[in-house]
Each structure stands twice: as structure tokens, then as C-alpha cells.
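Have a look at this one.
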Amino acid sequence: MRKTECLAMILAGGQGSRLGALTKKIAKPAVPFGGKYRIIDFPLSNCANSGIDKVGVLTQYRPLELHNYLASGSAWDLDQKNGGIFILPPYAREKGADWYQGTADAIYQNLNFIDLADPEYVLILSGDHIYTMDYSWMLEAHKMNKAEATIGVIEVPWEEAPRFGIMNTDKTGRIEEFEEKPAKPKSNLASMGIYVFNKNFLKKYLEEDAKDETSSHDFGKNIIPKMLKDKARLYSYAFEGYWKDVGTIESLWQANMDLLQDQPPFDLKGEKKIYSSNESMPPHYIGPDAKVKNSMISEGSMVLGEVENSVIFPGVRIGKGVKVTNSVIMPSTVIRDGAVVDYAILAQNCEVAAGAKVTGQLGAITVVAEGETVEAEASGKQAG
Amino acid sequence: MRKTECLAMILAGGQGSRLGALTKKIAKPAVPFGGKYRIIDFPLSNCANSGIDKVGVLTQYRPLELHNYLASGSAWDLDQKNGGIFILPPYAREKGADWYQGTADAIYQNLNFIDLADPEYVLILSGDHIYTMDYSWMLEAHKMNKAEATIGVIEVPWEEAPRFGIMNTDKTGRIEEFEEKPAKPKSNLASMGIYVFNKNFLKKYLEEDAKDETSSHDFGKNIIPKMLKDKARLYSYAFEGYWKDVGTIESLWQANMDLLQDQPPFDLKGEKKIYSSNESMPPHYIGPDAKVKNSMISEGSMVLGEVENSVIFPGVRIGKGVKVTNSVIMPSTVIRDGAVVDYAILAQNCEVAAGAKVTGQLGAITVVAEGETVEAEASGKQAG
Amino acid sequence: MKDVMGIINLQEDNKLIRELTDKRAVESMPFAGRYRLIDFTLSSMVNSGILNVGVMLPDKPRSVLDHLRSGKDWDLARRHDGLFYLPSPSEEESIRKGDLKNFYHNLDFFEHSSQKYVLLTSGSFVYNVDFSQMLRFHQNTSADITMVYYTAKEEQPGRNVVLETAENGLVTDMAEKPAIYDDSKVAMNVYLIEKRIFVELVRYTYEHGGQDLLMDGIIRRANEYNIYACEHDGYVAHVDSTSAYYKANMDLLQPEVWEELFMGSNSIYTKGKDEVPVQYKETAKVKNSLIANGCVIRGEVENSILFRGVTVGKGVKIKNSIIMQKCDIQDDSLVENVICDKNVVISKEKWLKGANNYPLIITKNVVI
Amino acid sequence: MKDVMGIINLQEDNKLIRELTDKRAVESMPFAGRYRLIDFTLSSMVNSGILNVGVMLPDKPRSVLDHLRSGKDWDLARRHDGLFYLPSPSEEESIRKGDLKNFYHNLDFFEHSSQKYVLLTSGSFVYNVDFSQMLRFHQNTSADITMVYYTAKEEQPGRNVVLETAENGLVTDMAEKPAIYDDSKVAMNVYLIEKRIFVELVRYTYEHGGQDLLMDGIIRRANEYNIYACEHDGYVAHVDSTSAYYKANMDLLQPEVWEELFMGSNSIYTKGKDEVPVQYKETAKVKNSLIANGCVIRGEVENSILFRGVTVGKGVKIKNSIIMQKCDIQDDSLVENVICDKNVVISKEKWLKGANNYPLIITKNVVI
């Protein structure tokens, strides 16, 4: 059997409560993004494009729906003999089941999975970010540095640095200090929440941390500082490019809008493709009286009205006389004749009745939750 | 999307404690049987051969190891777009995780999985039995009878009937009475633990049963009697052929030995193939001084000594001067020169040292647990 | 339907559509923005529950092999059954003409398959059919051979087999006609036959000098078999000429046809390309068109079909045209009544215009 | 190795092994009880981490297509990359002889692939090689072309390319010889080349009248390239004649060879058949033999290789023989020094005996 060199573990988070109504029925990694993708398509496609073929997905919430989306993993070519996608919810154990307490605890609870796969390196990823990255280069740097841990970092504007975990490194990239949300940052290198660890090194720290009742079992707060205190060989690996947290309604909306710029800061058509698992649908149809500009539209949709500055997912119906502006319309949602949608995110399988209005504003995007219907009389603003 | 007509749920049981040392490291469905198979290959192959492509496997225990064996399901052609194998351990839920309390509770706890698949019929199978059966015929009978539930039954010798759940039916096969282990059975039609239910009908009874605190949440003890009390349309479906419970050490050993008869009662070479997920191994090698008779031997093994009345799994090494008789040797076990093995089951990856002895007797089969080594000085009998 | 094996016969006569089939089989013609013609019959088989499909390779197999590959996109990359390629016999095995020799030299494939029935189709029809209804009809009528027809709604040239049937579906006459008329019952080249009968038919006919399965095997021997036909009342197009190809594409601009073929409970599958959604830029104006993923549009498009990855520059006007994969239509050019094959570049300010009923065809990889 | 694409060239000259390759390519010859020859190079590629493999189809493609199918058994039924079939050009495209035209007419496959290197092998060698070591060697030496050789341990007839190398592996001479001698460095028909160089080599050589990749492309132009070779010191056999075929099979009865080829960390994959374990009955006597699953044995077998599903009756004696899939050797017959192709039936009490160094060959499907 071929050996797994590097195992990826994607922290797909809890109930994703910052995304509110969008995660009522689905786990955060399965939230649609970018006209046809799901958030988890990005780390999974990065894994596939980096030659990593075994991936654990740690989620507390709605594992079955996620399992249905990921299926056998064939969309990402992860259905291989020794590879595959493994969904890892908190299982019942002899002592009963525990919710994952923090990022480190989630990995700790799955140490038996890691031991079974028996990789040399463990790559830990977050399921909240939109970016493309070839992890094999980071792994290469990790080996060259003879590091015990390598942390992906990105330069952020100095004024935003206090919102992040900040690395202070020497000239070789070795991390000397790590400050979680420092008031006065000494550098603008922020942690991307991407870690490569030597497996046994990681295991030792996780086991120690699990015994520490004062720990909040978090990589940024507990594990990394402890490693630094022990003078372990921690290196940074600098990433350049688009990297965006989509963990809130506003940031999710903004990241979708970023794609509509004439020269978008993030090019979905880049050298490495983003794979996703979609139902087979025909090219979309634009009707005789439709007007579409500055927008993205995907397969299986039918547009008879007007669409501007918007992202339209597969299987959407936009009726005659409809105006959709500054909005994100997720799969299979129906907007009937004459309705108006502005500054809104409509989740999957929604219906906006004929003549109804769904309008928000910049900074206060209106969200319609999965499967809901907006009637004409009840139209107006709904809380996000 | 193609609709799932019939969803199969395999009750893969608890810690399988009746199989003792064999289930120390693996779940019962993954226990090897018949020279190259695992117990779960039989219901899975039956599903594949019956055109059922979506299967839930309910197990409390070691879901990861089972996941590793089942992988994407491709060995059974279950890695299809709307199909697949779903391993369903007790997940953590909002209220915390519960162990499955009984067969009915296990299905009840996975009603959301059944709702997602949304089949018309649910086929419930047990993971303890060796047999081949085309379930599509049973489903056809279920539809023809306009039944709400259909139970697979097999004629057992009258003297054994008190060990089973016994059906009393009218001439049309409609079940009038069900007696669990009756002292004086009125019929010899025993339940095989194979049920077809109309989905909504099943759901209603499971939800009622879950509320009943006096219930032990078992199909045979609670659900079926309740349905009969309500005069529901329950039919029997008679199966003819080999059907063997392999839930104990002795029955597992006997079922292996059954295969060695000159005309075995159960033909693995039947019309419908039994599929299994095996590593790729070459034809086995029989050495110049080997003697093999009345035995089954599989790929990747090397036999230099004597083998009689035994079943040898893949990758086994049998050294010079070894005598293996009346035994079952599971994958990758090594028996070194001059050792003697009689009336024993050796689990996977065991080692029997040169000159060591592992001997049991009829009715008291010796078991060596996975990964253990039997030294020459410590040789002799080990408890099963 | 696990008792039925499918066979797709890719041995069509290409002459009427030569410009577009110079390097490919007609069945692998790009169609409807992202499909190939063969996707329709193959998806219909898969959706009907057929798990074992043999594809009789055409003389130019490259485009078919490249499209279908492992069969995974149709769920046919299976360990048991799944997609099989059946090559034509080499010259030393047979120098006879016609499709019958291909069946004859692949008879072992039929004999080794476990299914009881054979469903034989051709790859040049556009339809979305549930063949499981056909099996039920076949079993109820106890037919030896069941065919499928559609009722023509208008006159149309082109060789087709036209049926006459009794009320119960029994075929009373069957003949190849040079054109079809209103209410003709036109055969869709779909045959359901018990395998035993099919093997006997192929073997007997070939060994007695037959060349063509339909002509020599079925039409000439029609009186020996109990032949029934059932009607398909959904959308059908037979792509046997350039004009039929153009018309069938344009039919999809009727939303009812688009909905019926693609958006019902049975999808049409094709090779996945992971293209990004269509980007409509500030200056885009699109009307009554089908636009496939991967396109970037800055110009005007009307009554047209754009395949995956087409770029439409500023000031471009595309009308009544079919633009295949990865074409690049550069700024200020005009394209009307045109079929552009794959990878064509129309450079800036070019004007291309075909006739209303006779589209201009631009062959693959050309730069204009 | 995700930067390397594999190409298996199935264009071998079959003449020396004609009885067994009448209906199949030499690369799909059954071997070692359950494999086909092509499994060895294909599995080596997959185990080395190559994800994109093109198979240049031979003139008789049926047996290769039937064996490899979707590529799923080798983990090559992928959505991106995976197994590709590259058909030979049709006669109207090229009437030239040699293998070069096949490369030339499939150049678009190379150009559309994302990998930087091409690994070219042939399908008639038996070995289990880790090509990732070869890539490291190639990168370290900055070679244009890297080849692999083995050092011959005995004289042997048969055309082979023999190399001379400097100490650092630089190839100083390369020539086709009619036989090999002790210590000859024999090329294993494995080439690692940067794709850019490979495409240029094929295009230039073909467009200047070349026919054979090795002869016209590499040997004649050897002085234009920096060619290195590295040694493979494991088991190798080149199956280029019936006697080489027989000998290579018999080599597997040495447990060291069997262990090295099959039981190391890299498996050899093949088409799965889900055969049951071998059943040894009361009267079975088997010595020094390889027995594949699905066999049922009641007689005696010695120094032989039994493929999947062979039945050996009571009183049978099989010695020094290779019995392929599904043969039925009935009671009391004697079979010595024989190669039985697939599905042969030896009926009761028949005696068949070939010479010690010249096995008797029984062709497919024969009943004796």
C-alpha cells in the first residue's frame, strides 16, 4: 500500500453561527460561494491540486448533509485506493461523546484517525477561507527548514493587524514570537490558520494540552505559544495572493462582490481549477427581454428579467420584470415576476413571490434562509 | 436526480462480544470469513446484486476501521452518484450522544438519514449472517401483497424453532402471529432478521416506540408485535438456501468448515458473485514439500508445510514442517517452521513461533487475537 | 433495468454533415453549449437504470474516447459491468462493409454479459427517454423486437425508417423513405430485443452475407419476428445533416424544449470541465441565448448558443449563431448565421455572415 | 511525480510469439496466474505517483480495452487526468509504418496535459520499478533523456538495445544487437524526457521522414541529446518470444522472485474478478506451483502455473505447464510441458506432452 506522506485535516467549524440563517440547514463548509461553489471546495481543490489525497473534515454539525455533498469525493479526485475524504463528527465513545472544545481538541479527538493514516506530516486547514494555494510548496519549505511546525502567514495592512494572530520572525523565517490580536503589533504577518506539523511532534503537544484543564484547546491560543515556549523549530511560510475570511454575512457578500470587478482580485479562472460537485445542468438561458450586466450566472438558470451586480447560482429562476441588484441568489431559488431584490443574500430553494420586495443595504445585507418564501405583502427587510 | 426506491440499512451490531478476541480491534462486520471475505461482504454483495445502491451501515464501534475497509464502496460498485455506503455511528447531537439501545433505536436515531434519502421502502438487514439472496424478489413480493411490512423467513428444523422468532401465517403468507422463542412453536418459519418496510409506516412505529419508556426498542420484541396488534399488513417472504448465523466463535468456525465439504452446502461460486475489497496479491505459492488437502487457500499466501481441513486467508505464511489442521488462519498471519495448529482460529497479523503449538478441540476452538504472538514455550491452549 | 444491456452503435453515415465531422464522429459533435450528441442516448440509458453499456467505436474513435474516457461522468466506471468499448474488426478479420460485422465480431461481449435483453440505440439523436417504460411495453406485448418512433409534425427531407403500426403497436410495415411527412411514424433507431434473439439474428444474417443490421437483419426479415413499436411524445431531433444540426440547436432557445430535455427529473450528463460561471461585464447585452459556463461576455449576443469558455469582446455582435468551445470573438467583429467549430479566433472588426437557411461553417482551430 | 505523465507504447513486434498473440496484443498476454503483461509497467507508474497515463492502442485493441476498461482497478478512473486511450491514426491520416506516426498524431494529448515530463515505457516487460527515483536521477544529472537498463547475467538471443555508459551514467553508445551477453547493459525501453523536448523530437523526426521513435528519433539523433541511464537491479524479463514467456512464468516459482515482484510495498494491480479462494479437495497433490483463485483441484500439479478458474480433475497430472484462465483438465489426463491458452478443455484420459525446451501450445477455446 502506498504510504500517506501528508494528511490534511480541515477544521470545518461548529454551527457557524456568524453566518446566521445561511447555516440553519447546512454546515458552514457547504455554504454556496462564487456562483457555483461551496466554501469547502477551496481547501479540497487546493488539496487535490497539491497532490494530497487523504483528507479529514472535522465538523460538529449536520455531517450527513455534508456527506451527501462530498459523496465519494470523486469531484475532487479524492476517491482513490489509499485516499479519500473522511467526515469526522464527534463520535460516541466508551465515555460518551464530547463536542469539540476548540480547534486543538477537535484534532485531539481524532488522533486515532491520524494514527490509522500514519502520515509523516499533518496539514491543518481552516474551512472558512477563500484562496488558492499549492500546499506542496509549503511542505517543501517545511522539510528544507527541518521545521517541526510551519505556519502559513500573509501580510495584512498594518491597521488591520490587531485583528489577527501576528508572527514575529527572524530573517530565516523562524518564528520568535506569536501574539494573538496584539494591540501594538510588531509585524504585519498574520497567521492564515494553515499549519504543517510533524505528526509525532503534533501528537505530543495535543496529548499534553488535553490534560491541561486550564487550556481552551486552541491552536492559536494554547498550542503554538506552548511550542514557542519550548523553543521548538517553528517557521513561517509567506503566502501572496487573495485570501479572504467568509465567516460572516457581510464578508461572504463582499467576497462574492469581489468576483464581479472587471479585473477581479481573485480569479476563479486561475491556473489551478476549483473543483465542485454539481448536478448536471444545461447552459443557462437568457430570455428575449432580459438585461444582464456586471454579474456572474451559472448553469441551469433562466433569466427573463434584469440582473446587475449580482451572483446567480445554478437552477435559479428570475421572472419577467424582476430586478435583482447587488445580491447573491443561491441554487434553485425562484424569484417570480415583478419582484425586486437588492442588497440581499437568498439561500437555496427560496421563493420570492410575484411583486414582492427583498431589500437590504450596504452593511446590512438582508438574508432569506433556506426554503423560505417571501410573500408580496410581507415583503421588506428581514433580519440577517 | 434519480430517486432511491429502496434504501438498505445494515445493523452491524455492537461490540460483537460473542466473537470475543476476534473483535478486539475490528467491528464485527469486518471479521474475515471464507478465505478472503469479511462478514459484511455478504449483505453488501446481496445489495449490489439486487440493484440497491444506497446502504447505511449502523455500527457503534470502530467506525474508522470499517470506513477504511469500505472506502468509497467501489468494491461493491456502490460508489455511484446517488448511491453509496454511509457509515452511521451514534453521532453527538444537541442533547449529547446516545448508544444505540436496540435494533429499532438504531434505526430511529438515523431517521434523518432515511428522510434525506427519501426512499419508498426501507430494507433492514442484519450484519451477522452468511447467505446470498436477491432482495429485489422480496421487494417485488412486498409490492404484490400491498404489504406494509414483509419479513424474510426460513424453515428451520422443528427442534431448533424454539431458538428463533417464529411466524404463524395464513395461506397467503400474511403473518397472523409472531412469537419470540416460543417453547411450543406452532410453525417452523423463523425470522431471518430481514425486513422490508414502507418508509412512512416504519417511521410512525419507530417514533411511537421511541416515546415508550418500557420498550427495549427491538424489532422482534417490540415493533413487530405492535404492528401485528394493530392488524397491519405484515407478510412473510420465504427464503430457501444456506443461511447461517456467524455471531459466535463456534458458528463462525463451523461456517468456514462447511465450505470445505466436497459439495459444500453454501457455494461461494454461485451465480451471483460475492464481492470484497482486497489488496492486490499474486496467486499463492505451494512449495516443493507442501501437502494441501480438503482446504481453501487464497492469494498471496505461501505454503511450505502441511494444510488439511483448513481455510487460509490472503498473505499467510506457513513454514516448513508446519501442520495446520481443522483451523481458520486469517490474513497476514505467519506460522513459523515446525509449528502445529489444530482446531484454532488465528486472527489477522498473528505470529506462531517456530515449534509452537496452538491446539483446541471440537466445541472448544482456540482463538488467537489480532496481532498476538504465540511463543514456543507459551504454546498450548488459549481461551476462545 | 438491471436485466438490460445497452449498445450504442456509432456507425453513422456522415456525408451530409462533413464540414463538422472531418475529424470526429457525428456522435461526438458538440451540442447545446456543453454536450456531445452521444450524451443524450447514454444519459437516457443510465437514467433508465442500465448498468452495462457497450459503445461500438466508429472509424474515427479519438473524439469519442476522449469524451467518454472511463465513463465516470455517466456513473459507468464500474468494477462489474459499466462502459465497454467495442472496436471494429481489423481488415484481416473482415473486409465487408456495413455495421453488421462489428456486432458479429463482438458477439462474445454479448454472450459474456449477464443481462437478458439488449437495448440498441444510435448516437445521433437528441432526446431524453425513459427506456424502462419501453421494457414494460416489450414484456406486456411479448414482442421479439420493440422499436420507438415519434410522430412527425412537418415534412422534412432525409432518409428515415418510417413505420406503420396496428392499434396495439404491432408493426405492419417498415421501410426506409427519402423524406418524412406529417404524421409519419419515424423510427428513432432504438431496438429492444431479447439477447438470445439478437445474437441469433446477428449471427444468421452475417453468416448469410448480410452487411447492415437494420436493412439485412431487421427490415428484410421483419416477417420472421413479432415487431412492436411504442411512441415517444417528447422532443426528438435526428442530427443527420448540417441544417438538422443547426435547427436542433436553435430549438433549445424555446424554454419549453430546454426545460423538457434538461431540467426534468432525469439529467443529461456530460464530461465535467469545472468551468467557472459566466461573467457578464458592464457592456454585455444578451438576448434569447444559451450561454455555457466559462464564457466572458462584453458584447452583444442574440438568438445564439455559446459553448464553454467562449470570449466575446466589446462591440461584438453575435446573432443566430453557434459558437463552440473556447472560441475567441474579438472586439467589434460581427458574426451572423455562423457555426464556429472549436478554438476559432475571429480577430478584431471582422464581419462574417452566412445565409439565413444556410449557416457559414468555420472549421476547428482557424484564425480569421 | 504529479509532474510526470506516463505513456505506454503498445506497438511491439509480435512475430516471435505468434501462436499466443493471434487475437491479442503481446502486452495483454496473460501472465503469472492472474495478470496481463501491461499490468507491470502500468502498476509501476501508478505506484510511482503518476496520475496521467496514455495508452497507445495496438492494432488489435480489443484485448487491451477489455482488460484496462475504465482504469478503475489501477486507480486511474479520474475526473482530471487518469487513463487515456490513444488510437492509431486512420489510413487516410497516415500510411507510414512504425510507431512514430502514433505519437505524431496524438501530439495534442501531450500538449494539452499539464505535466512537465513524459515517461515512456513499453508493455512487454515484467518488472516492479519505482520511477520516482528515476526522476530524481534525471533532475540531478540534468539529462535530456534518461533511460533504464539491467545488467544481463547470461547470454540470451533476441534483439535488444545495449548501452555503454560512463561512470556517472552518461550513455556513450547505444545500439540494437541480435543477442545479449554477460554484463551487457540492456535497455528496458523506459525513457524519461522533458515534454517540451519529447514533442520537438517526435515532430522533427516524423516530419523528416522518421518511422520508428527509438531508431530514427533517439539512436540516430543520440549525439544531439544528453542521454543518461540508470540501473534497475531487481527482477526483469522481456517477453519477446514464446520461450521468454515460458521462462519468465517459471521464474516466479522461485519464492524470492515472487516476493520481490508482488509482495513488497508496491503491489501489482490487475483487473479484479472476485474469484473464490482455491479449493483443494481430498485427492489434491500440489508441489512447487502458483495457483490462482477460482481453481478447484482434485489431481496432481507440479512446477506449474494455474490461472484463475482452472479445474483439475481426479487422477490428472500436470507438470511444467502454464494453464490459463478457465481451462478444464478432466480426469486422468496427463499434461506436461504445455501452455494452454484460455478456455481449453482437455477431456478425460488425454495425454499431452511438449519438449522440455519447447512447450506445446494449445490455442484458445480448443477442446481436445
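Residue numbering begins at 1 within each chain, and the chains themselves are lettered A, B, C and D in the order written.
Just so we're on the same page, contacts are C-beta pairs under 8 Å (C-beta built on N, C-alpha and C of every residue); 3 or more make two chains touch, one makes a residue touch a chain.
Predicted, not measured: the structure shown is a model, and the values here were computed from it.
> Counting C-beta pairs in contact, does B-C beat A-C or the other way around?
Pair with the higher count of C-beta contacts: A-C.
> Going by the average position of its CA atoms, which chain sits the greatest distance from subunit A?
Chain D.
> Measure off the straight-line distance from the CA centroid of subunit A to the CA centroid of subunit D, and report it in whole Å.
Using C-alpha averages as centres, the distance is 46 Å.
> From the C-alpha centre of subunit A to that of subunit C, how far is it in Å?
The mean C-alpha positions of subunit A and subunit C differ by 40 Å.
> Counting in whole Å, what is the centre-to-centre distance of subunit C and subunit D, each centre being its mean C-alpha position?
That pair's centroid distance is 38 Å.
> By the touch rule stated above, which residues of subunit A touch at least two different other chains?
Residues 1, 74-75, 81, 273, 275, 279.
> Please list all residues of subunit D that touch 2 or more other chains.
In subunit D, the residues touching two or more other chains are 72, 78-79, 267, 272, 274.
> Can you name the residues of subunit C that touch subunit B in the complex?
2, 47, 49, 51, 75, 78-81, 265-267
> Please give the residue numbers of subunit D that touch subunit C in the complex, ascending.
For this pair, the touching residues of subunit D are 59-62, 65-66, 69-73, 76-79, 82-87, 90, 272, 274.
> Under the definition above, what is the set of subunit B residues touching subunit C in their complex?
Residues 1-3, 48, 51, 74-75, 77, 80-81, 273, 275 of subunit B touch subunit C in their complex.
> Hey, which residues of subunit B end up touching subunit A in the complex?
Those residues of subunit B that touch subunit A are 1, 60, 63-65, 67-68, 71-74, 79, 81, 84, 86, 89-92, 96-99, 112-113, 116, 279.
> Report the residues of subunit B in contact with subunit D in the complex, numbered from low to high.
Touch list, subunit B to subunit D: 34-36, 74-75, 260, 262, 268-269, 273-276, 279-300, 302, 307, 311-312, 315.
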